[in-house]
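Chain lettering (A, B, C, D and E) follows the sequence in which the chains are written, and residue indices restart at 1 in each chain.
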Amino acid sequence: MNLASLNINIYSLLPLLMVVGLALFVLVLDFFIPRGGKRALGYVSALGLVCILPFVPMFIETVPSYAGFVIADTYSAFFNVVFLVSSAFAIFISIDYLRRLGSESGEYYYIMLFATAGMMIMASANDLIGLYVGLELMSMSFYILVALRPGKGAEGALKYFVLGAMSSGILLYGISFAYGFSGTTNVNEMAAIVYRLPDNNTYLYLALALIGAGFAFKIAAFPFHVWSPDAYEGAPTPVTALLSVGSKAAAFAVFLRVFAVALPAFHGQWSDMLWVISAATMIFGSVVAIPQKNIIRMLAYSSIAHAGVILMGIVVNSSAGASAVLYYSLVYAFMNVGAFTVAALASRGDGGEQLTDLRGLASRRPWLAFFMALFMVSLAGIPPTAGFMAKFFVLASAVHAGYYWLAVIAVISTAIALFFYARVIFYMYMRDYEGAELPERSLFTCVTYGVVLILTAVGTLALGVYPSAILDIAVRAVGPLFTI
Amino acid sequence: MIENTLHLPILSLLIFIPLLGAVCLLFFNAASKDSIRQTALGVTIINFVVSLLLLAYFDVSTHKMQFVERLPWMPWIGSDYFLGMDGISLTLVLLTTLISVVAILCSWTAIEERVKEYMIFLLILEAGMVGVFVSLDMVVFFLFWEIGLVPMYFLIGIWGGKRKLYANIKFFLYTLFGSVFMLAGILALYFAHGKATGVYTFDLLRLYEMQYAYNLQWWVFLAFFLGFAIKVPLFPFHTWLPDAHVEAPTAGSVILAGILLKMGTYGFLRFNLPLLLDATMSFAPFLLILSVVGIVYGAFLAMAQKDIKKLVAYSSVSHLGAVMAGIFALNQQGIDGGVLQMINHGVSTGGLFLIIGMIYERRHTRLIADFGGIAKVMPVYATLTLIIFFSSIGLPGTNGFVGELLILIGLFKSNVLLSVIAATGVILGAAYMLWMYQRVIFGEITREENRTLKDLNGRELLTLLPVIVLILWIGIFPGHFLRYTNASTTHLVEMINKNHPADVVATHSSAGAEAHALNAHADKGEAHR
Amino acid sequence: MTDIIAGFPVLSIIIFLPALGALFIIFSRRESVEFIKWTALGATVLTFIVSLYLPLTFDAANPSFQWVEKTVWIERFGMSYFLGVDGISLFLVLLTTLISIICVFASWTDIKTKMKGYMALLLLTETCSLGVFMSMDLFLFYIFWEAVLIPMVFIIGIWGGGRRLYAAIKFFIFTFTGSLFMLLGVLALYYYHGKLTGVYTFDATVMWLSPVAPYIQWWIFIAMFLGFAVKVPLFPLHTWLPDAHTEAPTAGSIVLAAVLLKLGTYGFARFSLPLLPNASMEFAPMLMVVSLIAVIYGALVTIAQRDMKKVVAYSSVSHMGFVMLGIFALNADGLKGSLLQMINHGISTGALFLFVGMIYERTHDRQIGSYGGLMKAVPVYAVFFLITVLSSMGLPATNGFIGELMVLIGAFKAHWIYAVIAVVGVLLGAVYLLWLFQRVFLGELVYPGKGEIKDLNLRELCASVPLIILIFWIGLYPRPFISGMEASIDILVKRFEINSKKSMLDTNRVAAAPDHSQGGASK
Amino acid sequence: MEQLFFYIFSIVAIVSAILVVSVRNPVHSALYLIICFLQVAAMFVLLRSPFLAAVQVFIYVGAVMVLFLFAVMVLDLGKERLKDSMHSQSILGGALAIVLFFIAFYLVYNGDIVAPLGAYTETALMKNTEVIGAALYTKYIYPFEVVSLILLVALVGAITLVMRHKDN
Amino acid sequence: MPTITHYLALSLILFTIGLAGVLIRRNIIIVLMSLELIFNSVNISLAAFSYFLQSINGVVFVIFSITVAAAEVAIGLALLVTVYRTRRAVNVDELNEMKG
């Protein structure tokens, strides 16, 4: 083996290494921090991530390194930003959340950092093996994180684990067929080879179906979504936020990379499959979210519906669609983390995050209600919020590529989804609070929440009012995917 | 059309003086009732005086429109603020200004609550009525036509009797129903004219110039007919009238009978005849039948009434039937008679309502059975009532005689059988009126309340004075009045004869043929004379 | 794409002045109700005064857009921040700014709780609706179009009546669903236009220079129709309206009736006609029939109502049917009539809601049966109410007559039968309105509650007098209004006619040329 | 000869796999699973990968199965009743698995190797262990390091989970 | 010589049995074992492809797969222990505190 041919390039891994280093640092620090002061670890982790953030765009290498396993291109950089941002948010809100839960611990923070590292590995994976191990690192971390909530956490985690491991198996099986079909696991090599291969080989179909199913599990697409509501509900709310934003974005990152880079030659074959999944997911998520009484479960189903919409951007297999996926992922990070933050804040006091807890929130905590309303409006896809813009870009790419009926289904599902987003708003503003008064707390008693809410809200509005800059970056970021 | 020889926008003045008065009244204190009454009276009198100017400057030698005013209003659809008058309008405008004065006088004590609003509505009503008679643009016409409804609606709705709400909405909806179809008809003409000539206009005089397709005429006639016939009201569209009359206050009834009903017949004369001659020919026999049925039917119903006011109301149906019969006889005498009878009916039926109002004010009942022997306590009242009754019956020497005679002659020329039936109706009219007079005025005093009734006071006399004067004046010198309308009616008849010799009409409608043959024959005879 | 901002950006100022006011209010203290009210009033009045600059400097002879502002917004998709006002939107803008003042007046004492949020939302509604009327970029238009929903939903849902939640949800979902389809239509239009000309832009003024092929228009028309028709609301998509109106607070109803319903008809006139001429032509007879059904059906349902507010609400269905009738008569007269009728309906129905709100504020009862003979107790109020009723039923000398007449003329031009049926609608309108008036104001004096009910106070007079003046102004001297819109409407009709021919030619061209579209999959 | 071995190992593997998922006693399941794992190791031998076979035996049979058995013992999981052995949606799940199997089987049966063959011929594979070792530390160094992270997380996680709940 | 199809068929059968085990069984420990069956079947197919493609990738992949699977088992059993401690239940159906 010629070492030079491996193209060992430490710079391409630097942001990842920083995150891993941060995680290890926190791990070690954990031994020296007394039990009561674990929240310091949270600040270290979150601020550490914030500090790493500027480095991400600084280390962009267009050439794959580490024997083609890693590619630190603009595409992965974009996703890395999404991961770091959402992780930082999640850790910030965890600090107070854990204190309230009475389960502050160091491992929570560094496992979260490991999960982030897993996502980053996925985003920059240029090889199915690297992809798989990254995905496992992320999943494994999440299994543990979900279980860290006292009470129902372990249960949700176990369900998540069983189905997650099964989906890993399915994905792995699919990868094996992809490998059998093309003789390689490297994405670029696969792309170069498959063009010359007959497209009627049945291994290909197996590979497409199984990999698609595996990814569909990770993005919680119908009918592979069954784990997500339980896992979301069981997990500590900040973990749920990261799970719904980061892990999903990571799954989309690899989804797009594999299907658009490695297998664009078979767009005809996989687009039909994804078309159906996308349509079914949108409708199912929207419809099932309606009867939910628990905010987290409702957001879980809403997140399923959103996955369906994002999937549209992959189905169309165009630069416009892919950039829309990227844009959507970023926007989703802001609005969904924001929503979960409010959910975590509004229900402090007891364990349940029932929708009815939100009754009369507007009069009790007007700013909190305002933020929640903003996030709901954005999730529902109403201008001038970022949620609308993101949905618009996806729809535009679908219409452009001629997927009219998919667009129509997306529109219908959005209309259905409005029902439950609107209900949250109605609960907050138009119902009076019944029952014992919850402890009155100003938003700014806990600075971390305030910071996260303001940042997410500003992001949600800014990305809606002036999307050009970020959209241009997203379009540039997907450039490498469509130039081969 | 003739330029305004008066160099004064007199027609606008006639419309806007009452409106201005109404606006002034808005700022009066509602409590100072007398000053309100005096102001209103002053305004109507001024208006009347101004309208007398018309008489002085009117050129009787022409049928063309005089005192014309024209200002662009909605040029994009070809509608102008366009006023003007000919002989027919002149008499009606004068009648309107006069009756308005009378109406105010007669409500001096009858209306005690909310005098301010009442007077305002009366003045607006006057403006609307004048507007209808002088507008030469279809949209403007329609505008005034509808505006008249509103104050009337209130006069009945607020100051009316017990069942006023029912009567009110019935009145309003009936007339509105008719007028919206009229609007459709106006639009149809507008488009027919526009398509044929390229000039889209609501200018009535421009619209006159065109010959419309028969089919269109037929439908438009029907639409106009609905609008006007309801207003007249022609049998069988009359059912709103008794209700409205009975429930309306005296002044309301006076105005209703005196002027508003004339708007319908005026509409027929102004629009149906000149615009839709062909269709008029076809419809004339049918309309004649309806009119004559109206005469007889109205008379019979009137006879059966126990309420004086209702009786008079039904007699209106009968009289207006006569007017319609005269107009649709489509010859000189008939139309002359129709026009004259319009005035006559305004005067005499207005008078009837006045005297009923006076007795009602005293006794608060209108049932015939409640009266009797009034002549003994109210001799002046009885006398004046008799004159008015005679006028209504059409006794020689009164105005009613001249009008009815002319109509019957015209009708005879047009259709003998119908004229005989109509004459019967007139006789019936005499019968019920006199019968009522006998039951109310003559005989013994059967009710104690009636013994103490006071005779008419000065104001009431003043109110009745113009009516009596007109009755006698027209009865004795009908020529004074016919002079003004002559040019216009002659022109109408000429038009009928010129454009529609009998043979042409015959192809349209066999039913009309006979009537027309008669008509043409009669005209020939006229020419000889 | 160039940036055109000549002089000072008056349109942006008009749009964002209320939003600025809302911002002030948001950061004021919740308890300082008086300050909030006066700030809101100040903001709306200021906006109105600034908007008066428009008619003063408006060039009636110029059919194109004036005071144009155009800045690149999202270059990649050819979206721009593109504002402009022409004769069509001018009066709607003025109506909006005026009605907003009246809304603030109407809420002065009507709103008792959470004044802060209420006024802020009211001002935001104004901002968004002004944005809709001014934006000439389809995407910007859509943004404002959707954004206007949010404050309205809150206004209904928080300050509404007993069934406010139901009404708000229904309103929200109906209109949102409709406009989503509109978004799809806009998108399809964007791509087909881009494919046809090579210029990908949302600029409506560019798009209507080259309409897409008729068979594509057909689909796009349906999509956009759903968005606009729900908002109008056209029968049978109207069912949200009575609920929303009934439950909304007075000012909400006024804004809804006077401004929001106009968004739909404005959309049809502004965008459907020139952008989709062939489809408009094809659909016009059907839409006219539907409009007539709406006119008649709305009127019939109104007759059966017992709640005053419901009467006014359902009458809106009927009136908006009239507006639609005029638009799809597809001629200049009908369009002028519709546009005038939009303004008229804004004035008269707005005023009716205002008056119903005033009486409700006094007695907390809206049942017609609870009242009678109010004329005796509150004469000024009664007269104002009457004038408005007459205007609403289109009696001559009021604004309603002019509008209805012109719509009828337009409809007649299309086919006489439309006009004849529409005339029946006018009649029915008179039935329910008069009947309402008669039951409430005539007869014996009856009203719920104890004590006297007071006639209008100064504030209420301030709110209603401008509307009364407008009713007579438009009714007696409509010329300035029509001459203002004339040039723009004529050019609209001309464009419509040219386009309907042109796109026929384009069809042939597209059919002949090979399809180079990206993706190509047609699902 | 090789074919024969293949069939023997296959049949044993399949039968023991079926027993794993069908017997009621988890201890028996675990034992059958060991048999199955051993057959898989044998398959690796047939596929000229003795190193893999060794890893399979060490890790799966040695470590994983011990863990399983340990868990079964510690948690004292006894036999379950027959009717409890399947859960509510099991019929649906089973049917789904069977349908998917047939579809997949059809696809597997019709597929063939089409990609260009690599450099590792049978002779090169004779030095299996050496080759793999070299590859792991050169070409596969990146995933190798990532896997180490996975193990770290698993380690920390397992300890955390177990210790934490013990505290509570 | 068994062909690639033989190995893949065996792999598929084992995979299906594993999948069926996950889907059918209530006992979580058996579900975990079924998961291991799935991973093993995948390993067979990877190794087979590797052999027939004359490429080393598959074999290395198997090594990673085995390692990851071992880690997963550790986590899975830890979770199992946790749940068992808190709930004394090891059946899928009994994990019903949350509605599905």
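The working rule: contacts are C-beta pairs under 8 Å (C-beta built on N, C-alpha and C of every residue); 3 or more make two chains touch, one makes a residue touch a chain.
On a predicted model such as this, the values are computed, not experimentally measured, just so you know.
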Chain hops separating chain C from chain A, counting only touching neighbours: 1
Steps needed, at minimum, to go from chain C to chain E via contacts: 2
Chain occupying the most central position, where position means C-alpha average: C
Inter-centroid spacing, chain D versus chain C (mean Cα positions, whole Å): 68
CA centroid of chain B to CA centroid of chain E, Å: 102
Computed distance of Cα centres, chain B from chain A, in Å: 84
Rounded Å distance between chain B and chain C, as computed from the means of their C-alpha atoms: 44
Sites on chain E at which at least two other chains make contact: 4, 8, 18-19, 22, 32, 50, 52-53, 55, 60, 64, 68, 71-72, 75, 79-80, 82, 86, 92
Residue list for chain B, restricted to those that touch at least two other chains: none
Per-residue overlap in chain D, given as positions that touch at least 2 other chains: 104, 108-109, 111-113, 115, 117-118, 135, 140, 143, 147, 150, 153-154, 157, 161, 164-165
Pairs of chains satisfying the touch condition: A-C, A-D, A-E, B-C, D-E
Contact footprint of chain A on chain D as seen in their complex: 104, 106-118, 134-135, 138-143, 146-147, 149-150, 152-154, 156-157, 160-161, 164-165, 168
List of chain A residues in touch with chain C within their complex: 268, 271, 275, 316-318, 362-363, 366, 377, 380, 382-384, 388, 392, 395-396, 399-408, 411-412, 414-415, 418-419, 422-423, 425-426, 429-431, 466-468, 471-472, 475
Contact set on chain D toward chain E in their complex: 2-3, 6, 10, 13-14, 17-18, 20-21, 26, 29-30, 33, 36-37, 40, 43-44, 46-49, 51-52, 55-56, 59-60, 63-64, 67-68, 71-72, 74-75, 77, 80, 84-90, 93-94, 96-98, 100-101, 104-105, 108-109, 111-113, 115, 117-121, 125, 128, 131-132, 135-136, 140, 143-144, 147, 150-151, 153-155, 157-158, 161-162, 164-166
In the complex, chain E residues that touch chain D: 1-2, 4-10, 12-14, 16-27, 29-30, 32-34, 36-37, 40, 43-44, 47-48, 50-56, 59-60, 62-64, 66-75, 77-82, 84-86, 90-93
Contact set on chain E toward chain A in their complex: 4, 8, 15, 18-19, 22, 28, 31-32, 35, 38-39, 41-42, 45-46, 49-50, 52-53, 55, 57-58, 60-61, 64-65, 68, 71-72, 75-76, 79-80, 82-83, 86-87, 92, 95, 97-98, 100
